[in-house]
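Quick notes on the structure that follows.
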């Protein structure tokens, strides 16, 4: 399949499509934690690195089959998400943000000193097992399962926690438990994305998963729309393409990123698609047609 | 040996404390983690450097110049990036906006000054005094004295002056202060100005002490200073001082007696432990949620 | 027989005594009102019952559960639903979803059921939709089921909170100033609704309210709080004629 594709598609575009797919998986994980459940995580790249290193070490040094190491990487990230989540998710929003930054930094410093991971030099020669077909199959699976989850008893409870924690508890929602669940599931996806990334990029270094990477992922969720799956996909596509298009002015990229965040928060704090629903659009059109459609006020 | 480490730790810690004060004051009033604060500190270091190198000003004047510049910058950041969000948006939006400012400022500095590390020229005659086995440099003395003076000055201002009283009122209850006729926006601006000036002072002194100024110096220092503010109890001014000193000492001790490769992890490890065990910090008070 | 029993409830906030040895017994299927001036401790009492505050002293007993150390979500799951004085809806969720969230405590679907759409989960979702639509019809919000909760008018938001609390299938419903901000037509409708809920669904209702007319009309028993103490307890007639109540509360209004 990939050989076939590379005959028709320029390798450069193929590469961008792969990165978009991987970023969608990573961002959907963060969306579950921050966009849907409202728990600001600023250390998503840390969980990504756990998946990347775990899977890379398994396939390079222990000769594990690719799928197994990919799954193990995701599971490792989920495990850390779970154990980090239990004590920290009781904390209020801003403290949680700090703690997630802290954990991601500790993980980074750990890998900087981690012998099997090549310390600061990182690991290279990771088998390039991540294929186009695999990435996009996984994207479809992740999107479908995510959509199903968000439109279920638990998904609604996640949103409820974001909207009003006290009212959520009064509805019988064990908020701590569900926050840990969202955090674990989101970390799993981070680990999965990390494993795919490692087996695509051929080499990884601790600084690939620093604070700026976490911010980049957060930007995808925020730009597209907090809590919205189409929004997160849109955000991932835009923010993967943009740096490529801005390559000529690469130095100004981050400047633009920073300004974008501020402007978005001022004018569209819920992101591009965060609170857009088909229902509201339909209603708007209906109102225009009939002229004086009874407004709900 | 241990006394030497303690002294080095206190020197480092006093700069953390200067930065932490800005975090804690802003947080106390508008409950925002001002992620751009570390960048203000970085800008302060650069402005000081610029003044010393390009205008040949005396270091003391350069310090004041950097403080003045950052005062304006801090107020500007608040007006552009935080004020439009106030009252309308969630705290999440405000934090993200702050992160945006932080990225913007550090990238801007990269564009202006490039990423390489710069050094302060040798402007101060650094002498080292030997007190028994303890080595004290004149620079350490200057840093400790300046930091102490600034902190005492801040404490006097907050406790004794009219505007300090207004700041304390705002940190108790912003809405009530507004109703009592306090110009809340002015107080918030003033808080940003004072916090930013202190951070700039920290930046200049760290730049001289470690002989290094670079555009990304604010990120880690900012995160650590915030950790210090949380450690001391966020919102508490004495807490930020104690937290900064404690963190500085623990970090230096950790490097000296454990491992230098885990230096950056130590501050975060402490922060996480504190938040989990005693979320209100050393000096903070436990506040029960209003329903 | 009392469904809810408060024994010598005391609540202190940093030396301030918000409630002082309060005793209450709410009987099954009773509409029980709590009145008292602002700051008398009415909402504090609700927060103690629903697990948000842990009382400094005394006991809260609901059926055969001791609620003192129970967390709010657990209190909800054993059948106590509530509304809030300052409305707490899920603003950026639809009216329908607000009520569907309300049924969380009685739902069973787990993680795998939810992401894979297992048969049990589908059956449960169907039942939830049916129940939700019934509740929305009951409170008269069916036509607005797709609106965001924050697009509703004030009175509608109060009714939505009641529907959400009802989705929990509670046996005890706590209403915190349900009529606040309503006009007189809405208040009459609210009274009908409360009666209807109690009579059709056999609930016990405990409500805090400032509107004397409403309280005197629908409550079968009333307790009066003043500065954290219960100063009277009885039928509306008894309360109207109680000397201490008139002195400290009713008299002040007349």
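Residue numbering begins at 1 within each chain, and the chains themselves are lettered A, B and C in the order written.
The rule we apply is simple: a contact is a pair of C-beta atoms (placed from the backbone, for glycine too) under 8 Å apart; a residue touches a chain by one contact, two chains touch by 3 or more.
Bear in mind the structure is a predicted one, so any value in this text is a computation, not a measurement.
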item	value
Third chains touching both chain C and chain B	A
Greatest separation from chain A - chain, by CA centre	C
Where chain B and chain C are represented by their mean Cα positions, the distance between them in whole Å	47
Chain centre separation (chain A, chain B; CA means) in Å	31
Distance between the centres, which are taken as Cα means, of chain C and chain A, whole angstrom	39
Multi-chain contact residues (two or more partners), chain A	166
Chain B residues counted as touching two or more neighbouring chains	289, 291
In chain C, residues with contacts to at least two other chains	52, 84
Chain A to chain B touching residues, read off their complex	34, 38, 40, 42, 87-88, 91, 93-95, 97-99, 101-103, 105-106, 109-110, 112-113, 166, 211-212, 215, 218, 222, 226, 251-252, 254-255, 257-262, 264-266, 269
Interfacial residue positions of chain B with respect to chain A in the complex	31-33, 80-81, 84-85, 88-97, 99-108, 110-111, 219, 223, 226-227, 230, 261-262, 264-265, 268-269, 271-272, 275-276, 279, 289, 291
List of chain A residues in touch with chain C within their complex	145, 148-149, 152-157, 159-160, 163-164, 166-175, 181, 185, 270, 275, 279, 296-297
In the complex, chain C residues that touch chain A	50, 52, 71-74, 76-77, 81-82, 84, 88-94, 97, 100-107, 109-111, 113-117, 121, 124-125, 128, 144, 146-148, 151-153, 164-165, 167-168
